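In what comes next, chain A is part of two complexes: it sits with chain B in the first one and with chain C in the second one.
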Partner chain A sequence: MQRPADASRRAWPKKPPPTPFAVGGLIGLVVFSLVTSWDWILGIGFNPLALPGEFRDSNPAMVEGLYNVTDAAWRESYVDRLRGAFTDPDSPWVLSLDSRIGRGLVETVQIAVLATIVGSALALPMSIYNTRLGAASSTRLAISKALNNTIRSIPDVIWAVLFVVLVSTGALAGVLALTMFTIAVVVKLTSDIIDGIDMGPVEAARAAGASHAAAMRTAVVPQILPGYASFSLYAFELNLRGAAVLGFVGAGGIGQAMDFYWSRLDFEGVSVVVFVFLVLVIVVERASIAVRKRLV
Partner chain B sequence: MITFDKASVTYPGGVRALKDLSLTVGDGEFVVIVGLSGAGKSTMIRAVNGLVPLTSGSVTVNDWSVPELGRRQMRDLRAEVGMIFQAFNLVKRTTVLNNVLMGRLHRVPLWRSLLGAYAAGDRELAMQCLELVEIVEKAYVRASNLSGGQQQRVGIARALAQEPKVILADEPVASLDPPTSHVVMKYLQRINRELGITTLVNLHFLDLARMYADRVIGLREGELVFDGPGSDADESVFEDIYGRSLTADDVLEGQAQL
Partner chain C sequence: MTRTETPAEERLREQLRPEKPFARFRWTVTILLAAAFAWSALTIDARWDRLAQIPERTWNFLGLLIQDASLGPLVIALEAMWESVAIAWVATLIGVVISFPLIFLASVNVANRWVVLVVRQVLNLFRAIPEIVLAIAFIPFFGLNPVTAAVAMGVSSIGTLGKLSAEIVEGIDRGPMEAVAASGGGWLAKLRWGVLPQAMPEIAAFWLYRFEINIRVSAVLGVLGIGGIGTFLTQAAQRNYYDRIGLGLLVVIVVTMLIDGASARLRRRIINGPPGELDQKREAAARVQISGDET
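Right after this comes the complex of A and B.
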């Protein structure tokens, strides 16, 4: 194509200025950040310059542990002990299933699996009931929404504290807490996809004289099953990580082992817990993602 | 027998889809309802099984007075009235057999439908219905893997699985190509002839209507403008029903030539 001779002198449309919303939003964000972080009545008093001092004044054992990393000999011995934990049965860091960490790890997986199964099973009918289609009445929908919003607004750690009070410390409290957490996650995500399903089969089921429950089961469930299964697996990943924290409030799992080392200021023990748990989380997450990919 | 008596439907928003419709369809008749889109064809068909409630007047199906039915009785009525849809309305993610078994839901106990554990008798009947539309070899194939014509035959089998006295077909061939349309229409005709099931079909192709209908009912803007045997429904009748002269779009074969 031939360029017109006076192409350089042609007036192109000017780039429009940014909208007032964009400008205002950007300025607002900066002002908000300063107001909340500055050291005054409404701020948290965040001062980057004071950080090194605060770090120095914090727990000396922990800081010493961190400074150890700079010491080559210490690093070597640490790696040796870590390796010994897997190979030498006499090592104080033995990682058998019978050790403190081993038992905690197994219990964490058990808690996560049980809570995911029970929570997901309850979440399927609850998700259907949490939509206009499933509730089939605005009163019932409002009740269902209120219930599910309540379940969702309570964090898993608070659920754990509640259940520790109710059923005393141990894995059961953890299972119950994460069951509620699973319901919160799966119901929210699953009921959102129910709003987008093909309504044709529902009409067909109704036209065939099916009861409401039968219509939901035959026309809705097959359509949401892949999404629901994927969300349940995702909830399992979250539960595994959640189960680690719950030990701190006495609800069983690896968190109890971490709490044990933490309270003795044995930060090397804590680091082993973190390390083995990290490996477990990565393995489970990879496996879960691989399965979820095949679901859609 | 289906009787409309001054049946009217006004949708929320004020659209009057059906205006004082009065007519009777006898047992075993094959009736084709024609009219432009928006003429009230779908509304008329859905009034028969209560999917669209009447604003005034009445519809009587066999001994059921549709506007007066409670929830439970409405389900009993719908069990007797099979329905076939323009978009097939199959659950695409599940098997053909499971789709046909949806036609048995009225008779199946809730625990069986919830578990998907249908009784052998229901499965047998579903297979027989698939056999009738000659697609039984696809029983365990996912519905999404079938062609449009095959999906509509599954839709017919699902309606047949209800062992219905009446079949309603809402634009059953509107999503299909011309040869497939004829296949589906022939199945509907055969079911009507051999099983004696009263059949109401919505169509907007006049040649299909004339070819298959024992009786043609013409609707325009919710009003009955023609009611007579298919042989009487010539082009002037259709021009009256459509309120304009005919074009190639109004005939299936004409569309095929485009």
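Right after this comes the complex of A and C.
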């Protein structure tokens, strides 16, 4: 049976028009995307349809150096170099890290370990201070927020450039740069969870006459410790990845080996370093994720 | 003042304040961390004595920055920063467009369990590879230019965007999906009317957040010489152009903070809806409650 037209209209309410925010957002999205991707002064010239063409017009010397897996001679020399990076005929040990790649790998781990430990240690008090609860005054909170936002807005490689200027090239600049980066990451994540803690223990500590510092240590720190430890481990993963970039600006680590082969146009060497680094990153990430799952 | 405790008092004290148990886990972690720290600090080839020079060198550096300060390079610094922002935006777009269909194939409450397992592993692989490795891998094909950076970061963004958006989809309420199924909707209808309206605000907010992260990453990839503020600053530092270093740093800090601030406000607006609407909804709900009581 056919229903009367006005009855169905009543059953199906009119769809509300999109809000000005949605319309403006959509227009802004499209305009900004076109401006940034177009091939002109304000864009980078990204054309998804032309990408396959560029893919074919690749640089054959580089492709052959980086991954010429189908060539048997290339495979053989690749494996030789890989073996050469971790063995030394003069050394009594099976494994020797006294090669450009081996030393770079060890230095990368050392930089990441030092930066993570020092940075996380500094980040704990800083993140407590970065909340309304810990700062205990709106002026001090504003100062702390401004400081942390500044630290956070500088990318790790820019820190590395700065510290290379201040302490000259070497691993020390890398350690300092990643320490600042660790502080940025851990303070941001940890101060977010401090805002959500249970206030009961804090009130109990204050009622028992604890000083501000004692209240923070006994009532806040135990509550945030699992999260904080997990964030620090996460920062370690990020630091290990970040340490590859440091070498390009002279701040130590495996990036130095990458930069060395890169500047000599030895793409096979670059490929070996990148492969070794990738294995290290993936192994550490798997381990770190397993530990973090247990922590939280 | 002091007097000896009676045995009863001692028992009471022990009951009130039990002895701290020996925390084996805590000790193991502390010792391991101390050992790792000591090994790294002692064997690393870092000249620790240079730490003492930092105050003096900072003072000199600041002096040079102020002495050479000029607004001359402002335009090229801003151009370089804009290029970084453009790279980050295009990379986010690539990540969004490719990860969007994958989100639903990676959520257990929407897709088949085996499909989810495979897609999740692919996303994890994209996430695990550092951006700089991807950039080096793409340079032979696209050359030393911003497009390479955008593609490398885009591929890397697919992993994080896909995984975290899938977690959002897995956290939604099943009710609307079941309602669509009950009224005869297919798989796509279920996604469109049952999943998207719930998950979309958070997913869109996460896209914006990824854009903020990508701005920093694009500065980092600049060290390879593929453009943006990273290339600008590393070259300025290599040549001791202090006017460019100072201005470049200022531009990075100010522009990053401005974009972070704007993006954070947009994200809040997307997730919370228009200002005041929440209160209106609560009021309306309260009114319904009252009128319901009356009847």
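As a convention for this text, the second predicted complex is superposed on the first by the 210 of 296 C-alpha atoms of A that agree within 3 Å, B and C clash if a C-alpha of one lies under 4 Å from a C-alpha of the other, contacts with A are read in each partner's own complex, and residues count from 1 in each chain.
By our rule, a contact is a pair of C-beta atoms (placed from the backbone, for glycine too) under 8 Å apart; a residue touches a chain by one contact, two chains touch by 3 or more.
Since the model is a prediction, treat every value here as computed from it, not as a measurement.
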Using the superposition described at the top, determine whether chain B or chain C touches more residues of chain A.
C
Just to be sure I read the superposition right, which of the two partners does A:Ser37 touch: chain B = first, chain C = second, or both, or neither?
second
Looking at A:Gly209 after the superposition, I want to know if it touches chain B, chain C, both of them or none. Which is it: first, second, both, neither?
first
Could you tell me if A:Pro16 is touching chain B, chain C, both of them or neither one (first, second, both, neither)?
neither
Touching A:Arg217, do we find chain B (first), chain C (second), both, or neither?
first
Which superposed partner A:Pro52 touches (first chain B, second chain C, both, neither)
neither
Between chain B and chain C, whom does A:Pro201 touch in the aligned arrangement: first, second, both, or neither?
first
Mind sorting out which residues of chain A both chain B and chain C touch, each in its own complex?
none
Please output the residues of chain C touching chain A within their complex, sorted ascending.
33, 36-37, 39-41, 43-48, 50-51, 53-54, 57-58, 61, 82-83, 85-87, 89-90, 93, 128-130, 132-133, 136-137, 139-143, 145-147, 150-151, 216-217, 219-220, 222-224, 227, 230, 233-234, 237, 245, 249, 252-253, 256-257, 260, 266, 269, 274
In their complex, what parts of chain B are in touch with chain A?
49, 51, 74-79, 81-83, 85, 87-94, 98, 101-103, 105-106, 108, 110, 113-114, 116, 155, 158-159, 162, 168
Touching residues of chain A toward chain B in the complex: what are they?
198, 200-201, 203-211, 213-215, 217-219, 222-223, 225-226
Listed in rising order, chain A residues that touch chain C in their complex are 19, 21, 25, 32-33, 35-37, 42-46, 51, 54-55, 58-59, 62-63, 66-67, 107, 109-111, 113-114, 117, 149-150, 152-158, 161-162, 164-168, 170-172, 175, 241-242, 244-245, 248-249, 252, 255, 258, 262, 267, 270, 274, 277-278, 281-282, 285
